[in-house]
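A, B and C are the chain letters, set down in written order, and residue numbers restart from 1 in every chain.
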Amino acid sequence: MFDLSYEDGVAMLRLNRPEMRNAVPMDGWRRIAELAREAGQRARLLLIKGSRAAFCAGADISEFSILQTHPEMRVRFREAMREAFDTIRDLSIPTIAIIEGPCFGAGVALALACDLRLAGPEAMFAITPAKMGISYPQEDVHALVSLVGRSNAARLLFGGLTIDCDEAARIGLADLPPNRDIERLLSAIIANSAASISALKRGIALAEAGVRSSAEQDESFDALLGSDDFHARLAALRSKR
Amino acid sequence: MFDLSYEDGVAMLRLNRPEMRNAVPMDGWRRIAELAREAGQRARLLLIKGSRAAFCAGADISEFSILQTHPEMRVRFREAMREAFDTIRDLSIPTIAIIEGPCFGAGVALALACDLRLAGPEAMFAITPAKMGISYPQEDVHALVSLVGRSNAARLLFGGLTIDCDEAARIGLADLPPNRDIERLLSAIIANSAASISALKRGIALAEAGVRSSAEQDESFDALLGSDDFHARLAALRSKR
Amino acid sequence: MFDLSYEDGVAMLRLNRPEMRNAVPMDGWRRIAELAREAGQRARLLLIKGSRAAFCAGADISEFSILQTHPEMRVRFREAMREAFDTIRDLSIPTIAIIEGPCFGAGVALALACDLRLAGPEAMFAITPAKMGISYPQEDVHALVSLVGRSNAARLLFGGLTIDCDEAARIGLADLPPNRDIERLLSAIIANSAASISALKRGIALAEAGVRSSAEQDESFDALLGSDDFHARLAALRSKR
């Protein structure tokens, strides 16, 4: 259902359940959390990818009947999704969803948990709980509002309509690197300092939580200015000139 | 001055004072609040609309002379606007401004109070207090910054220049549904679950207020997963396949 | 290194160190703070400008070797930048960066400290600490996230790639006035009420800090409605009709 592989320090978590358009069953969410945790230990960049047929169709609704009569399964479902998304969100390495096909429902929440959502021309997005008569986890509504603003969030959540790659990029749900050159962006991230990126990622998370000043971030800023890596990069830069 | 009508569960509040380009007099704000409250009880969607000649030219400045000598009227004016905008903002049903012509000054605050601002090609926007030597209510500055960011807010508020529909859409002040198909978006919202939309709207408001996790929203999420409506929609979906 | 001039109430702070592409040395940041403070006293609008060759290449890295062995210089560097950016940010007059060429590293933080960043067609932006193995001040990460969102912030900070004017405008890092007519926007701001703009700027700063309602802003709103300037502008407007 999921394949995790490594190449040159980059972990690739591939959703691979084509017969269900990569819909994730109840137990799949915990598995995603486990694999993300492993990648966070071993790699310096995590890519999450489906295929052109589907990034992820969302939660597997074929398992939903049991929710009507088993209230405890509703909590379990919600908590399993939360564990997956929060584990990804809290990794200290950069996390990037590569979206080349349909990305629906909880699949959007999976993409929202990443730092970036790089979308190919055939990407499509829809957030569909209101079509089904259900809701969307508050943490994921929060991530959505933070990314696209309250209007676009209302439009996507109330209407549940499908939007394409360009529209997703226009409102900030998808990211398009300059010239849509995904490889160049990935190479740049890998060539850059992992310590820098980790500090900057922490800074973005703090900023998102409303923290403008931070003694911890000041210390990390000062420490990196004294690091051997910085002075080696500085020397290399100068010798090039 | 205002017409409130209902059709198929949709309330339409029409600003209808063409000789004043739908400028709202002092007492009009309270009336808007009353009508919005009524619509919130009786309908499942509220549209606020002017005409192509004007969505709303703002507050009626022909009444403003009295403000110079009657300080208590300044407070009354501010509080009356607040009541209108906060009543709309706090409705549990979706609220949509349909903007087909000029939308100026307090007319923008009226539009900002809605969940969505669907703009037609002849829509125009300007926020003009700095031209007049006055200010803009803090709550509406807050709504503006939240929607378009601090730079665009500064540009619109400091300069007071008029922007067109495309520019408003580019910065997030106006929403354009896919293919500018307003009817399709409205139909989708009406076909979707009112209980879902109400929970999602509450989630967006909480997110805007910085709330990422909420026991109340978790409960509502779990409850909808057990609802008859959800399982009926699920069964219908399956039988279609 | 810096030229401060005045014309018709507008202060222009020009970065003028072409041989270093306007890179700012350690002591330059304090000087920027001093000059900005002076402009805030004497002018009603502050423009910060470089040239087409460079807006600002960032901090002057030719001085960075000393940071390896002198920890106290790291703190001094960080605090000097902070003083420059916070002084500009806290001025009560509008502040506008005019960016006509490359704007890199700490140069972006300088631009972020302004209310607006008006970019010409040859503007380019890159935030490069991860390339060097260092970090970015938390306050500036916060300003960046607030302006372009967490995804674009992650993309710019993790990759360090250069983006052009159109891309910067698309994500909100640069502002383009209607028809790219910078002069018209500046004229409009200058023709508008300075008291209004000061109150509105305060409102935007409060909104950014999450303040939706404010007794102080209510008082200022009411006071301006009774001001002589407002009633003079109102009378002028009526006599024109």
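Here is the rule we go by: a contact is a pair of C-beta atoms (placed from the backbone, for glycine too) under 8 Å apart; a residue touches a chain by one contact, two chains touch by 3 or more.
No experiment lies behind these values; they were computed from the predicted model shown.
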Classification of the chain A:chain B interface as same or different, half of numbers criterion: different
Superposition rotation for chain A onto chain C, Cα-based, multiple of 5°: 120
Centre-of-Cα separation between chain B and chain A, whole angstrom: 31
Note the residues in chain B that touch 2 or more other chains, in rising order. 146, 210
Flag every residue of chain B that touches chain A in the complex, lowest number first. 94, 115-117, 146-147, 172, 175, 177-178, 184-185, 188-189, 191-193, 195-197, 199-201, 203-204, 206-208, 210-214, 217-218, 220-222, 224-227, 229-234, 237
For a test of understanding, state which residues of chain C touch chain A in their complex under the given definition. 61, 64-65, 67-68, 71, 74-75, 77-78, 129-139, 141-142, 144-146, 149-155, 157-164, 167, 171, 210
